[in-house]
Amino acid sequence: MNKEVKLLREDGLRLDGRRYDELRPIKIEAGVLNRADGSAYLEWGSNKVLAAIYGPRELHPRHMQNSMKAIVRCKYSMASFSVPDRKRPGPDRRSTEISKVIGEALESVIFTEQFPRTVVDVFIEVFQADAGTRVAGLTAASVALADAGVPMKALITACAAGKVEDTVVLDLGKLEDNAGQADLPMAIIPTTGEIVLMQMDGHLTPAEFRKARDMAVNACYQIYEMQKDALKRRYAAE
Amino acid sequence: MNKEVKLLREDGLRLDGRRYDELRPIKIEAGVLNRADGSAYLEWGSNKVLAAIYGPRELHPRHMQNSMKAIVRCKYSMASFSVPDRKRPGPDRRSTEISKVIGEALESVIFTEQFPRTVVDVFIEVFQADAGTRVAGLTAASVALADAGVPMKALITACAAGKVEDTVVLDLGKLEDNAGQADLPMAIIPTTGEIVLMQMDGHLTPAEFRKARDMAVNACYQIYEMQKDALKRRYAAE
Amino acid sequence: MNKEVKLLREDGLRLDGRRYDELRPIKIEAGVLNRADGSAYLEWGSNKVLAAIYGPRELHPRHMQNSMKAIVRCKYSMASFSVPDRKRPGPDRRSTEISKVIGEALESVIFTEQFPRTVVDVFIEVFQADAGTRVAGLTAASVALADAGVPMKALITACAAGKVEDTVVLDLGKLEDNAGQADLPMAIIPTTGEIVLMQMDGHLTPAEFRKARDMAVNACYQIYEMQKDALKRRYAAE
Amino acid sequence: MSEENVIAEIKRDYINNLIKRGKRIDGRKPDEIRDISITPNIIETAEGSTRVKLGGTELIAGIKIALGEPYPDSKDKGVMITTAELIPLASPDFESGPPRPRAIELARVVDRGIRESGAIDLKALKVPGSDKVFVVFIDIYPVDMDGNLFDAATIAVISALMNTRVPAAELTAGSETQMQDFQLPIKYYPISITGVKIGDTMVLDPTQEEEDIAGARLTVTTDVDGNIRAMQKGRIGRLSVEDIDYMVECSIEKGKEIRKLLMAEEKPSVPSQYPVL
Amino acid sequence: MSEENVIAEIKRDYINNLIKRGKRIDGRKPDEIRDISITPNIIETAEGSTRVKLGGTELIAGIKIALGEPYPDSKDKGVMITTAELIPLASPDFESGPPRPRAIELARVVDRGIRESGAIDLKALKVPGSDKVFVVFIDIYPVDMDGNLFDAATIAVISALMNTRVPAAELTAGSETQMQDFQLPIKYYPISITGVKIGDTMVLDPTQEEEDIAGARLTVTTDVDGNIRAMQKGRIGRLSVEDIDYMVECSIEKGKEIRKLLMAEEKPSVPSQYPVL
Amino acid sequence: MSEENVIAEIKRDYINNLIKRGKRIDGRKPDEIRDISITPNIIETAEGSTRVKLGGTELIAGIKIALGEPYPDSKDKGVMITTAELIPLASPDFESGPPRPRAIELARVVDRGIRESGAIDLKALKVPGSDKVFVVFIDIYPVDMDGNLFDAATIAVISALMNTRVPAAELTAGSETQMQDFQLPIKYYPISITGVKIGDTMVLDPTQEEEDIAGARLTVTTDVDGNIRAMQKGRIGRLSVEDIDYMVECSIEKGKEIRKLLMAEEKPSVPSQYPVL
């Protein structure tokens, strides 16, 4: 981590003018695609993400089916032009791991027992990447699942907190992520406060961890309102 | 395109002595392989091509079957030593596209509804490549299908025309193809005059296009006679 | 082959002090793994090899099943750190061939007709490689099959002989293998003397070949006793 | 016959009968193309980008520029590489995994239209005083598939190329030949028009429903002078000579209209379902 | 419901009921971890290696060192690459083929623990007077899978790194900067502790049977100062804030015990089923 | 038992019974090999090529030469790389896709025969005054599979190598060490003979039908001096010591005959079904 980048300004605000506990601007729109069974478009800072749901639909080949529940498959990927240096198409190790943890988070709230032998496909495509694409993608995918009418216990909402220059801050931007000291992406079920995704890397004392965690959880409640709002606008439009 | 290569001689003939509307020498032989259900060997200028048919045969895995018709699969490939610089084995993007358009052209005349749930496999292997391997391969594959007794509406026949030094010519050779201005590979059903394959790249005015198209179509009728002749020799031999 | 390495000492013994017909030290232990249906660990000189058996178990997808007999699948592979230069994970051409010949040797003694539609999986992992990993792996796999209770006509036992400095010797070590003149890995059924694996490369006169072959076969009988001993200890322990 | 097949059969008959009477399910005439919305510069991380909506079909093209090696037989020219990813987000018919024939055909047909028309001045992409050239990566991502990817992709790519800035300053920083950023030099504006045969009628700019029941497809790419630069017949089916001549005509004519849209300073825009992308 | 499912159901109920009463099928308490046996230096062809047994789980980590290129954005640092192969020898649940999500997650979580704690002093892996650096390849091979690969792997990797000798003399032979062999410089000793939620209880160091019926999993990697270096929630299921705080505590506490084992000159060793490896 | 299996069973019995009486389905004796037709120089784009027909089996070997790097441990030698593609054109048993075990075994066994016998003088393939060497690519394409690819491939490859011209002038053009074209230097002529065990009999040069029912396979490659250069037992089944000694004898004896065919200026040729290739 490069110690020479100054991430906090003299006035205590962050490089982009945000307070330590302030989110970047977020826009969510549900039901943006014709072909998908459910979809959502989300902008979060400079992240631009689409999520689409197909299913529950029949799973082939048949020996992959689970006779007790639906399979949830999640594929997170980044468009080749979504990052400064062109990314080669196809999955890499990072996106494979992100697909796994997002898929598991989503499956934690889907009533999969209601449609055995089927598959629910979740596709997340990042067209423009700033830091935080996984929480952006998960937040969008949750709205898309609701848009698709897939039975869920609740919506889930994701946000990250982190540490820069020994200060715990919310929702790291790209510069902060590159030069920061810790990143803690999380996803919660806002209606119960339970955690369904949590990853961390860097360096946090237990006290810093609790502070970052609470900050991220609080922000999730704000984002949850935007998710519900997007779905309301979607239903109103129909 | 390299303008310094002279493709037309002072006497108006082409580098290899052909007239503008003259085909390279073509030889076709049907039924050359023991194991395949049908086969054909074809030489066209310096192209040397084998085509083999397997099927209609059962398709595995079963969920790939079509309950209404046979699947036609076509695989065009080039032997590693068929070109000046050794080609790495395995499909590349070019051969994938050629396999697709040849397979679609052939399926346009096969009575696939007569044998649902099966597959007809068409394999085309280019052992020595001059320009025009796709029309050579398609012409051979059509004979091989007839040799295999696969029910078809008609034989199909392929040939290319193109443009060199602002002149529309038939059946481009390698030098002409490399330095030429346009290439127009086509396949027709000689009995109806319908087109089942057409690709073009380069630069043709609408008038040049019509001229090139008519030239290729006319040549197809010549080649069609050779195809029928090869099949007659084959049946006579049995 | 590098002629400058001296492989035989002035006293007629080999670089590691062995006589021409002397095996390297061998240790075998059966039943070393909890999860596998059968397993064996084997050290042979500096080779360290694990073999595990899974099956007979159901084979998926179903169209791969053989309705008359079990399929035997063998996968020999080397850990990335088993050789001086790190080996990239995943199968290469050498290990694919070795997997094939070991699998065929093993299937030669398994009563596959007794459990149609199933698969017997044989996994051999080389954690530390000296010369002779394939005979070490096969010898271990045979013990592992017995440990798994897979019905077999007999145990099989493997050993190699070779030629260094125009002398036929048993069980080549790494230096001998690299600088030697021939290598002859074999596997036999000790109870009948039949051969189930034999490969050779290098240069052997027919007389040298017979000498090497007999030397390897004789050594197999010694190793066979160690295999039986390992299985006895295993059964005693239960 | 399964229930699904019966419904497909009924729809097929319905569309076929409409077309026999010169009508289409969405009210268009057979030679009418759908509304086109062109939104350039939508991706900040790309050197150039455009979103195109062609009726219900939506597609994004993005351009990235890198330094690289020229092809051995054209050392004085830049390199252009076109890729299409049929991401499964866009259609239930698209599958995850390595590029399949359909994606490869799409990329190659679009590529040929651009390349053969000399749309990009590749000679201007040689780095002076160096063996290196600029490589133009063209990436095509359908995001909502309602038919006719070929034409949507060609429009999106041409538009994206038109708004591409070569980041030459950054890419040549520290080398002997420090360059300034410059606009990617576009010389020609090829446009493709695609039709499919339904019954005896060539139907332009087909929707997914129409593609589902169509026979042969023909794509004709023409340039500003009304000349032909690329053609591709695809799908199972047959075309008459007249069908082909008709498609050449259509390509020249409709190409002019679309080229006007591309050139317009104010891009027309159908109401966007979602605000920015 | 198939017979197999019925048996699985019965076992699930049994384990669940035990845990409700604070008991586990193998007699442990929920917060108890299994016996750990650490055997370093078992592979002569590796620059460093360790076999770890964690109850019935057995795993080998091996280290190879090579010369290579640094990452463009950290030219003064060595490179570390972590790979896990879930070889099918170790479990009926592992399949042959290219690395699947589970193997990738394992490798990346272990890697983050090592990397983020600065366990290896990567700056000491620059070859002086050269553009090259030493590359540390960490390879993880489970050989017997009875649950909790994350913790077994982290212990094995740290131990293997501790006994790794960089063969610098051989790797720099003939170059201008001939070096001597040296011990890989290890600065910190991160330890991960993993628990899974069964019913309402967090159960540490789960066996395979427990993993089969568990909900959410949480791995917390802490350093010698009791700070957190990496976390990973996995599997389908939910955790409360209390669950997470509890796991952080456990990681700090149990981490200390395991770190003592690692540091002990005489490694404790459960009776080995087979002699040397 | 399915109808297909019943027919296979009947054929198996029939072939087995014939062989017990020293006869084969095509009239040969067990130790008789099929007619061999060797047609060199059939591919103009290859540096060397040969088509071999061995009874109903037909196979093409082609040689390409390129400049490349030597192996680090033999910097003064050229490189030889052997590949076999079991293209599905040749047999219903071959499948599309990456090389499978069977193709890899074929290529490696042929390669060992050539390599271990020192057939190519690899030292003559170093480019003087350069770090580069010539790389010999040997590619094997069965086109009609009626058994015994090993022997057909070895003959085709040796013949193709014998007629290979190294295009050294073109490959070294412009470098400091401009060379002249030269004939690939072939020193030895290994020949492989393959037999399979059917019942108690070793049957040489098996057809596909015989392979379908055979037990063990043994290939023995011998050189001009009657020494053994490579062996490969394959397939499921057992061989006696006598079987192996017998195959060594056969290889030496039959090898001589085939070597004569290879050396003959006028190649014998069975009537070709198609004229040129």
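For the reader, a short list of remarks on this structure follows.
In order of appearance the chains are A, B, C, D, E and F, and numbering begins at 1 in each one.
Convention: a residue touches a chain if its C-beta (ideal position, glycine included) is under 8 Å from a C-beta of that chain, and two chains touch if they have at least 3 such contacts.
Values in this document were obtained by computation on a predicted structure and should not be read as measured data.
Fewest steps needed to get from chain B to chain E, stepping only to touching chains, is 2. For chain E, the chain with the farthest CA centroid is B.
Comparing each option in A-D, B-D or A-E with B-F by residue number, the pair that reproduces over half of the contacts is A-D. Ranked by how far their CA centres sit from the centre of chain F, the chains are topped by A. Superposing the C-alpha atoms of chain A onto those of chain B requires a rotation of 120 degrees, given to the nearest 5.
Work out the mean CA point of chain D and of chain F, and you get 49 Å between them. Here the CA centre of chain C is 27 Å from the CA centre of chain F. Between chain A and chain F the centroid-to-centroid distance comes to 57 Å (mean Cα coordinates, whole Å).
Across the assembly, chain C contributes 61 as residues in contact with two or more other chains.
Among all residues of chain D, those that touch two or more other chains are 99. Under the stated contact rule, the graph of chain-to-chain touches falls outside the line, ring, star and complete shapes. Touching chain pairs in this entry, ordered by label, are A-B, A-C, A-D, A-E, B-C, B-D, B-F, C-E, C-F. Chain C meets chain F in the complex at residues 67-68, 93-94, 96-97, 99-101, 104, 107-108, 184, 189, 192-206, 209-210, 213, 217.
Against chain A, in their complex, chain B makes its touches with residues 61, 63. Residues 42-47, 49, 56, 58, 60, 62-64, 66, 83, 85, 87-92, 96, 98-99, 137, 139, 141, 143-146, 208, 273-277 of chain E touch chain C in their complex. The residues of chain E lying in touch with chain A in their complex are 2, 5, 99, 101-102, 104-105, 107-108, 112, 115-117, 216, 218, 223, 226-241, 243-245, 248, 252. Interface of chain B with chain F (complex): residues 27, 29, 31-36, 41, 43, 46, 48, 50-52, 54, 57, 75, 77, 79-86, 89-90, 121, 123-125, 127-129.
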